[in-house]
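Chain naming follows the written order as A, B, C and D, and within any one chain the residues start at number 1.
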Amino acid sequence: MDYQKLAREVLEANLDLPRMNLVVFTWGNVSACDREQDLLVIKPSGVPYDQLKQEDLVVLSLSDGRILAGKLNPSSDTPTHLYLYQQFPQLGGIVHTHSRWATSWAQSCRDLPAYGTTHADTFYGPVPATRKLSQAEIADAYELNTGKVIAETLRERRLDPLAVPAVLVSGHGPFTWGKTAAEAVHTAVVLEECCMMALHTELINPQVQPIEDYLLDKHYQRKHGKSAYYGQKT
Amino acid sequence: MDYQKLAREVLEANLDLPRMNLVVFTWGNVSACDREQDLLVIKPSGVPYDQLKQEDLVVLSLSDGRILAGKLNPSSDTPTHLYLYQQFPQLGGIVHTHSRWATSWAQSCRDLPAYGTTHADTFYGPVPATRKLSQAEIADAYELNTGKVIAETLRERRLDPLAVPAVLVSGHGPFTWGKTAAEAVHTAVVLEECCMMALHTELINPQVQPIEDYLLDKHYQRKHGKSAYYGQKT
Amino acid sequence: MDYQKLAREVLEANLDLPRMNLVVFTWGNVSACDREQDLLVIKPSGVPYDQLKQEDLVVLSLSDGRILAGKLNPSSDTPTHLYLYQQFPQLGGIVHTHSRWATSWAQSCRDLPAYGTTHADTFYGPVPATRKLSQAEIADAYELNTGKVIAETLRERRLDPLAVPAVLVSGHGPFTWGKTAAEAVHTAVVLEECCMMALHTELINPQVQPIEDYLLDKHYQRKHGKSAYYGQKT
Amino acid sequence: MDYQKLAREVLEANLDLPRMNLVVFTWGNVSACDREQDLLVIKPSGVPYDQLKQEDLVVLSLSDGRILAGKLNPSSDTPTHLYLYQQFPQLGGIVHTHSRWATSWAQSCRDLPAYGTTHADTFYGPVPATRKLSQAEIADAYELNTGKVIAETLRERRLDPLAVPAVLVSGHGPFTWGKTAAEAVHTAVVLEECCMMALHTELINPQVQPIEDYLLDKHYQRKHGKSAYYGQKT
């Protein structure tokens, strides 16, 4: 079991959350997984970011959730992360925050419309809001059921999780993901910017419509498609 | 009379207000009490935070408000603090600020609804706005009457002050509290975030409803209830 | 003619504008006057704050506006400052900025209502918006006429300029003043906070009313009245 | 071919974007041109600002777009820049960002009205929003067509590009320009401030009207006209 590199990535990604002004106090968590070794590394529960050290991170089995290393309790949202990794083999990193603008959208229980190319550069369509969890789903296995409602939302909308790498959990807040923890943090920043601008776009023009599919398509594909021409060849 | 440790805590808590962007100039004050020794330590009136030193703090008798130590006048809001400590034996620290978002809600004379889990993690229900003070209550013993209307609000709503550790004084601003001064500052930050997000939640979706009681209950209890499982065992 | 002390105060007050986030680039100016020596010291026109030095300040005759010292052109708003000092002998310092929230109110051509005690602690009533200048007033002696419309506004509303130490010039931005340049800057910060909060108060509760006169009176008097008890005796 | 001085200016102007809080990540680009030498220098595509070095910049022929120096791909928006320089011989520098407030206006597909003198000091009239691009214009030569729709907007409105040195590309974001790259960045900051304040002006007073033409004229001319008297003679 060799998780030091993964743990370093998870530590850096967690520390990026306060650097990017996405969290106050302990509100947020980043995880990453190593599917070959069946490992998940995640932030411990309730530890302030300015005190977080690599040895505080918790290592679990990705398939059954057993704790394999670490002295602290893992994030209380760990069952949500585990379920999403198990359901979507494309995911390598997941972020949850209570960032101000994305949480305002999540609390409003509305999808985030694609109002511009900033959105289209990262999200291939609106960012969906989940349905609300039922009383029974909240009473028992709440965090697992949060994962289930995210997965249900992606499936019902027939979304590729890497093409729309975020969900707004209604009444709660955003989850974002990617192939790595760093990608998931990057997406969390983009989501925050898009949420801030979408509200103000609607305030400036209450009749505004989402951008046309062909503009959405153009911007998403020029960055992520087969013939992508944004950025540098690597 | 040994109040050095308490004074250090009060100094640190006061200095946290500008660090957390809750105050400009001298707008705000933190106090803490030691019930065994019958002491209250509070910020002096009108002293800028960047000049505040531990010896500037004022020590008073918790039961009768006499000044026991300190050369400066205590905060003009001292009678409000004293009354709240006297009425609610659970309180160990109190914060008052004119922070931007919480003061906007206080000025609007509306309760802060619980629109999400960020709110539910700290406040077990809406944060109440007080009624307005009458002309007579303002003319005479204004600061004491501010304490009385806060206590009246908590009693009429049958609120446990540690379960809903904040009030919005209508036309004025927020008061928060906790078992310690540090807890009260923490709550003041949470309140500011929740106030910011609640307004924007309503702007995004004017038909939004508060979260269901069972979600409120779940989040509050997982952090503060008997079977709390958030954070680390201490 | 000894203006070094006054110039130091004017320099510091000007440098406070970017420190308090009230200006970008060169948008703003502070002046102060010495009535005994018949002197006005003011920022030069169009000089960025991070390059501003004491010797760049311009010294003028308060009574006739002649330049007495300084190699640079004075602020283009100098005639506005001069007129206000000449009309209101109480004034010792004046600030003009294009700060974001106060300018938004000035552009909206509405008075700033007194929605809370933060406002009442500094402004003894609403902060008035001027009428718009006529085409003739703008075409000729525009900056002087800006001073005249400010004075007209104060007189028509029968305002004591030290009790309501600010005006919103419609379609333009805020002017604030005080007994010193430092006081005028302090008021500019308070105005910015009050403008930010007043808009959000209205968004939270579109039916909100200004605070009652007796609460306005109480807060203003406890800080500025004969029996003021806020702060420390000096 | 001597482009070191121009490249230094382009590097500095690009680094100003994050300093002025106009960009996150790689969202934005600045170019400048040297018409005598037929050169364009522009930011490479997708390179983070904190890693950007002068040798990363890409040098192209202004007349035909061939790459003359640089190992990296130029900004994907290069065809937009090239077209604008070719069409408007007054331009020496161009900036594109996704800055929050200007992008919110661009997404709303509305012109930015001139609500105050802050606007009039830089923009001699409303900042126009383009029409939306058609499906065909997006499918093929999208970035070139973005330049064409900007030019079309300026021509249809009979605007002098140095008198109104910005456009809001509907559903996308702002472009600004000037005689140099530094001027274009300056205008991008002004646009961001004006966009922030225009929205809030409308929220404070939904019936607000743009400032009168004679006030617009006065402020624009006192800074940019033949008899300009703002600032220092140089």
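Worth a mention:
In this section, a residue touches a chain if its C-beta (ideal position, glycine included) is under 8 Å from a C-beta of that chain, and two chains touch if they have at least 3 such contacts.
All values reported here derive from a predicted model rather than from experimental measurement.
When the CA atoms of chain C are superposed on those of chain D, the rotation angle is 90 degrees to the nearest 5.
With every chain reduced to the mean of its CA atoms, the largest distance from chain B is reached by D.
Counting the residue numbers that touch the partner chain, chain B and chain C have less than half of them in common. Between chain A and chain D, the centres computed from C-alpha atoms are 33 Å apart. The geometric centre of chain A is 47 Å away from that of chain C, both derived from CA atoms. Counting partner chains per residue, chain D has residues 202-203 touching two or more of them.
Of all possible chain pairs, the ones that touch are A-B, A-D, B-C, C-D.
Residue ranges of chain D in contact with chain C, taken from their complex: 115-118, 186, 189-190, 193, 196-198, 200-205, 208, 211-212, 214-215, 218, 222, 229-233. Considering their complex, residues 24-27, 44-47, 72-73, 76, 98, 100-101, 103-110, 132-133, 135, 138-139, 142, 171-173, 199, 202-203 of chain B touch chain C.
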